[in-house]
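In what follows, structures are represented as structure tokens.
Consider the two complexes below, in which subunit A is the common component and subunit B and subunit C are the respective partners.
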Partner chain A sequence: MAVKMVNLTIDNHPVSVPAGTLVVDAAKKVGIEIPVFCYHPKMDPVGMCRLCLVEIGRPMVDRATNQPVLEADGSPKISFGPKLETACTTPVSEGMVVLTENDKVSEARKDILEFILTSHPLDCPVCDKGGECPLQNLTMRFGPGESRFLFDEKMRLAKQVPLGELILLDRERCIQCARCVRFQKEIVDDPVIGFSQRGRALEIVTFSDPGFDSIFSGNTTDICPVGALTTSDFRFGARPWEMNAAASLCTHCPVGCNLTINVRREARAGGRDVIKRIMPRQNESVNEIWICDKGRFAYHFTESEQRLTEPMMRKGSELVAVSWDEALQAAASRLKKAGEKTITLAGGRLSNEDLFNLCQLTSGLGGQYWMHGTMGGGDLLAQVGVGQGTNLGEFGPGSAILVVASDLHEEAPVWWLRVKQAAERGATLIVASARPTRLDRFAKCVIRYAYGEEVETVTSLVPEYKTDVSEAICAGIQGILGAENLVVFFGSDGLGLEGTTALAAACMELLVKTNHFGRANNGLIAVWPNANTQGAFELGYRPAADLASRLAEAQVAYIAAADPAGDDPALAEALRKTGFIIVQELFMTPTARMADLVLPAQAFTEREGTFVSGERRVQRYYPAVRPISGPRPDFQIAAQIAAQLGFSLEERLASLVFQRLSEAMPDFAGLTYQQLAMVEEQWPLIGRHDLYFGGTGYDNHQGLGVQLKPAAQRLEPLNLPDVPELPPLQAPEGAFLVVPITCLYDRGQTLLPTSLLHERMEKPAIYVHPKLATRVGLEDKQSFQLVLNGISTLVQVIFDENAPEGAALLPRSVGVPIQGPALAQKEIVSG
Partner chain B sequence: MFRGILEGMRQTLRSFFEKPVTIQYPEQKRPVRARFKGRHVLKRYENGLEKCIGCALCAAACPADAIFVEAAENTDERRFSPGERYASTYEINMLRCIYCGFCEDACPTEAIVLGDNYELSFMDRAASIYTKDMLLEPVPAVDKLTPQSTPPGVFTRSVPEMKDPED
Partner chain C sequence: MNELQKQYPDEIRQILAKYPPEYKRSAVMPLLHLAQRQNGHVSPSAIDEIAEILDVSPTDVVSVAGFYTLFHLEEGGRYRIQICTDLPCALRGAEHFLKAVCEELGVAVGETTPDGLFTVEEVKCLAACHRAPMFQLQGDGEIAYHEDQTIEKFRALVNDLRRHAQTHKEAA
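Up next, the complex of A and B:
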């Protein structure tokens, strides 16, 4: 479908843009600046601030003949309106003439700025936005030199108003552009802030409890054109011009949001580089210009005082600090002795380079390597993962998205946002889940199943199996059949390893049977627990169902970026039997405490590497701070151990490791760091040079990443696994079913050091439907000993009408170990 | 030739009766000129609060990159300066400084002022870094020391409502 193009001239530049484009955007595309405050390219225009006034003329038409009126020289006669028009609300039309630089326009801009400044406080020196403030910049460029308004008549409003723990509001600085209010309502569907009062007394208020209860709240500080909204994390942290910027990636979920890390060297940190804030970096195929609050604020773990800094070896019963040489020698000699009785266990937090060297080392010894985690199915993504060129931003009418067993809002916030927006643009969204989620509202059809019926539900969506199915499933089948494109997201809501592996197979079957695979915008996406779980699968790591017995039999367990002992008491038990434990970590985890040798690893901010996102996009991150002395990058440690054993692995640079990796792994064939660093122009044009348009987020100069082609897209034959059936979940008398769910703010190792988020973190608690609670004999807010897999933990009961009646919900990583659906009991406290 | 010698002797003789220009430094010191630019001083208000609000504009203006500022937040219980923000670290590297006075011009609160002191000598490079306590003006009385505990709602503004500078 060809888009109709419209021709117009802006300041004598001929411009040709698709019909419906707004004049501001058309001007932007040819590099003509029309200043704006309230307009934002990601939101509908409202025309509130009037800064974008321009003079617009249109060709005159003779009413009688309906012919254009011509000038003497034959050119069309242009009639200019008596008043200026707002460029942000006016769509282009054929033959339009836009003037943005004459006296009338400059005068108007001057007047508007003078008005806006009548009550603006003299805060620039202390304002966190100062130096990257659109109001400052535009006033310097277009504003009047001085104000004629009386100083005494300035409005005095409240300053430092906390809208929540994360965001601070300065009411005096607000210029009432409503970008924040519109963002919360239109873009992220959290209308928790709004305007109250009118006229000069108008102010932003929050109506939620806790205040500004939204997981995307940080983005409002990027798009607020003044310093009215700032984060409490960055408060007075630094002036914007004092900071360095390094491109990075978010490590908290599989979306792989592109970030920029702002860093400054600080005296109060003893001359160390300190991360001052995390900002989004534009990648329109991944996170556009947004990030969630977890990505923005939960970086403090990288500079925690609790980081391990020295290698430690068990001497007697104590772990004592040793030199790297001694540690590497000890590791090597143990591994040599263990040979094929070595087991390597890696977490999804490691980069591809680390994982590659670790598996090379392990296979060199003849040992086995596994992934730590309770979600499976990643191998199937290598076959039917989304095709190269997939972009959720392109989804609209004719496309369908199926989300199964995942509460995307909590598990992968930016995917939630993109799926929601796709549905709003007209894509068919089908949500299948055991409990209500934030996505239901936007779905064409919601399929509700009971925990344990995930696989069945997906299988019943395969049109050819259609038997007597429910109405919702019929609607789902309709949606899938009618769709040209289909992407399936599957998660681990209420599922363990067995369940997710089976679910992945069922999803693959659905995609294959409906022919939605092997091309762009079609295929499978897994909502992984970690940023690089997908990468680990690509490199051959798999989660093991029988990990405990494998660990128990191993002579050496080499555990990197994983905490099996902390996550699962059964694994802790098994590790007690392991001959020798090497732990490579950032922190003294429960596993590290059990170790015989602890090797301190560098944080992702101190080094470079690559991750593979859930959409199988390989992306690069760069070093942001100078590394603290002591820790080494994981890939280097593995290579140095290997060197002691006489095999050569690359230890110098991540890029060199990646070179070997791409030679060894067919899916990565031909990929280089240079390719991952390539960029192209993205719309909207945002950036540090014109903050007024897109906000203070960073433009992308450091790489958009490369999406891997799944086997199906390379036209390789598929290997469709059987879909295993899951045993039904039923609780016997005296017990009840507890299933794991994922919450955004858990109490994991990488989140806890961010004290700012503590109030929003999950407590050790289970969510129980009141009916289930009555059956089991639990009361709201009651604390009780929950016995799960033989371990008893004190948890609180929270009544939740949204929880299903058949099972209680237990968030992962809050201190109560849970791997999959499990039977629980209430401990009878005797005496 | 004789004339030359006589001329020289006349000069010498005249100097005998002139007032000497030499000053017995360091016992004696010559007053500096009104616009002399010597070592910086961080000024206080009369109530003892620091004028500096930690905005780092001086650091931004400094052509020699001699100033380093870190800011922190005031509370009414622990107030260093009026308004929300104060300088928790303020350092000037006196070896880098070229005494241009740009920092003084940039300061929105007239907090940093180049003073009269020109006696700057150090035994090592680290000593050339003047910290905030070295730069801050002494207080007239102990109760004017910062931080102070102040009544709420009084010191709400960082930048005082100053008239335009006259000169």
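Up next, the complex of A and C:
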């Protein structure tokens, strides 16, 4: 459908924009800046601040003849209204004439700013926003030099109101634009802050528990046009102009949000670069200009005092510090001896370059390499992952999204946001899950299954298999049949390796049978546990169901960025039998404590690399801080060990490793770091020059990344796997079923060092439906010994009406090991 | 358990019946009145309960309650004396009257007398400019206008209310 274009002139510039565009946006697109406070290009206009007043004229029409009235020279006669109009609420119309720079407009801006400043404190010298503050900048540009209002009548209000432990409010600075209130309501559906009182007494309040209970709360500090909302993490931390900015990526989930890391060198840190804050970096195909609070605040692990800084070797029963030379030699000699009895185990937090060098080294020895994790199916994304050019931001009427076995709000918040917005624009959202999630209320159709029925639920959605199906499934089939585009998100809610692998196969079958693959905006997306799990799959790493026996039989286990011993007692047991353990890590994990050789690795902030997101977008991250002395990048360690063994691997630069990687891996063929760094202009315009318009988030100069083409898009033949049937989940007498779920704020190694988030972190607890609890004999808030896979752990019971009656929910990474659905018992304490 | 629901099941059903189910949030004002009826202010737990009944966030309920001067989020006296001091009233001496009232009761604007009976408040237009000085008396579940006031008339009223409160410990 062709979009109707409208022609108008703004300050004598002819402009042509789609019908419905607002005057303020039309002006911005041709480089004419109309100042705003309350307007934000990502939200509906409200016209509250009045700063965008402009003079607008429209062609006159003779009421009698309905013909345009012409001037003597034949041009249309323009009628200007007696009053100025708000450019942010007025859509363009044909022949409109907009004046943004005459005396009348300048006078109005000056007056509005004078009003806004009647009660605004002049504490810019101590304000976090000072230096990147729209109010400060626009006042300097358009405002009056002095105020006629009486200082004594200024509102005096509280200046340190914690809205929660993450966000602080300065009531005096607030100019009542409602950007934050609207963001929470319209964009992220957490209406937990609002206005109370009115007139000059208007103030922001929160009434949620915990305060400002939203996982997107940090974004309000970016779009706040003054210093009213600040994060407790950055408050009084640094001035904006003192900080350097480095482009990076979020490492906490598979969305791949683009970040900018602001750093400053500090004397009190011994001259080290210190990360002051994490800001979103615009990528309209990935995270737009938003990030979740986990991405924003959970970076402290990179600067933790607990980081490993020296190689360590077991001498006697102790791990003692050794030189890199000694460590590398020891590693090499052990690996050489082990040869094909080497097993490499890598985590999904490593970059592609690290993974590539590790697998090259292992293959060179004839050994085997595996991924640590309990989610499978990534190999299928190489065939039917979403096509190149996929952008959830384009989804609307005619498109469908199916989300299976994933609580996106907890697992990949920005995907949740994008899927929610797609549904609001008219895309058909189908949610299939075993329990209610925050996506349900936006779905056209919610399919509720019992844990264990994931695969048959997806299979029943294949229209040609249509047999005796429920109403919800019928609605789901209708949604899929009526859609031109379909993407399927699959996750690991309640599933282990076997379940996710089967589910991925079922999802692929659905996509193939309904012809939704091999092109943009169609295909499969996996909600992985790590930022680069997909990259590991691309490079040939797979999770192993029989990892324990493989580890037990290995002569050398080379474990990088993974903590098998901490995650799974069975693997810890197996590692006791492994001949020699090399661990490459940031921290002294339980696995590292078992190691014979520990090699300290650099954090992602200290080096560069690439990740592949769940949407198979290859993106670059850049060094943000100078590395602390000691640790080395993972790819370099692997190459240096290889050098001792006589193989030549690239150890100098990540970009050179990537060059070899793209030569070796067909899916990456032709890709270069230069290509990954390419950008194009994105709408809305945000960034340093456009602070007042889009907020303090950063614009993207460092690369939008490149989405890989799946095999289907390259027209290669498909290899459809069989869809395995899952054994039914049933609990015998005396036991009950426990399934793993993923929560945003878990107690993982990369999250714990951020003490700011401790109050919101999951505790070792299981969520149990009251009916199930009665059956098992558990009470709310009771602590008991949970016996799971032979291991007994003290956990708390939390009653949850949303939990299914058939299974208790146990969050991953809270200190109670769980790999997949499992039978549990309540330990009977004798005596 | 939702105390408000338990206490006023019929009233709540009647209020909700006035609005289409998908717009039940519109019932926030009548429910706030209902919650305030009991003890003259809307307690934090009542805010949560209203939010639960209407399926909105507690913050939304606070926003509405905060916007209107006749909803009270904090506990005040049994009687609220709300004196209009807008321009027309001021021209007829409302400001002097306010000062006299405060002196009479020995409290400042916004404060409550030690016996917990009276809170003095300054409010915007109550649409009785021609009979200023005037105030609105809120308490015991009722609202009454007192117009063409003098401090003597006020003193008499206060004495009446004190006597009434002596004999009727609980609000009617």
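Just so we're on the same page, the second predicted complex is superposed on the first by the 831 of 831 C-alpha atoms of A that agree within 3 Å, B and C clash if a C-alpha of one lies under 4 Å from a C-alpha of the other, contacts with A are read in each partner's own complex, and residues count from 1 in each chain.
Following the convention adopted for this analysis, a residue touches a chain if its C-beta (ideal position, glycine included) is under 8 Å from a C-beta of that chain, and two chains touch if they have at least 3 such contacts.
These figures come from a predicted structure and were not determined experimentally.
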item	value
Partner chain in contact with A:Ser549 - subunit B first, subunit C second, else both or neither	neither
Subunit B versus subunit C as contact partner of A:Phe207, first or second or both or neither	second
A:Asn102 touches, of subunit B and subunit C: first, second, both or neither?	neither
Which of subunit B and subunit C A:Asn7 touches, first, second, both or neither	neither
First (subunit B), second (subunit C), both or neither touched by A:Ser16	neither
Touched partner set for A:Gln197, first subunit B, second subunit C, both or neither	second
Broader residue contact with subunit A after superposition on the shared chain, subunit B or subunit C	B
Which of subunit B and subunit C A:Ser333 touches, first, second, both or neither	neither
First (subunit B), second (subunit C), both or neither touched by A:Phe151	first
Subunit B versus subunit C as contact partner of A:Asn802, first or second or both or neither	neither
Doubly contacted subunit A residues - partners subunit C and subunit B	none
List of subunit A residues in touch with subunit C within their complex	190-198, 205-208
Interfacial residue positions of subunit A with respect to subunit B in the complex	121-126, 130, 151, 159-160, 235-237, 239, 241-242, 266-268
Subunit A contact footprint on subunit B (complex, rising order)	53-57, 59-60, 68, 70-73, 83-85, 88-89, 91, 108-109, 156-159, 161
In the complex with subunit A, residue positions of subunit C that touch it	44, 47, 56-63, 65-67
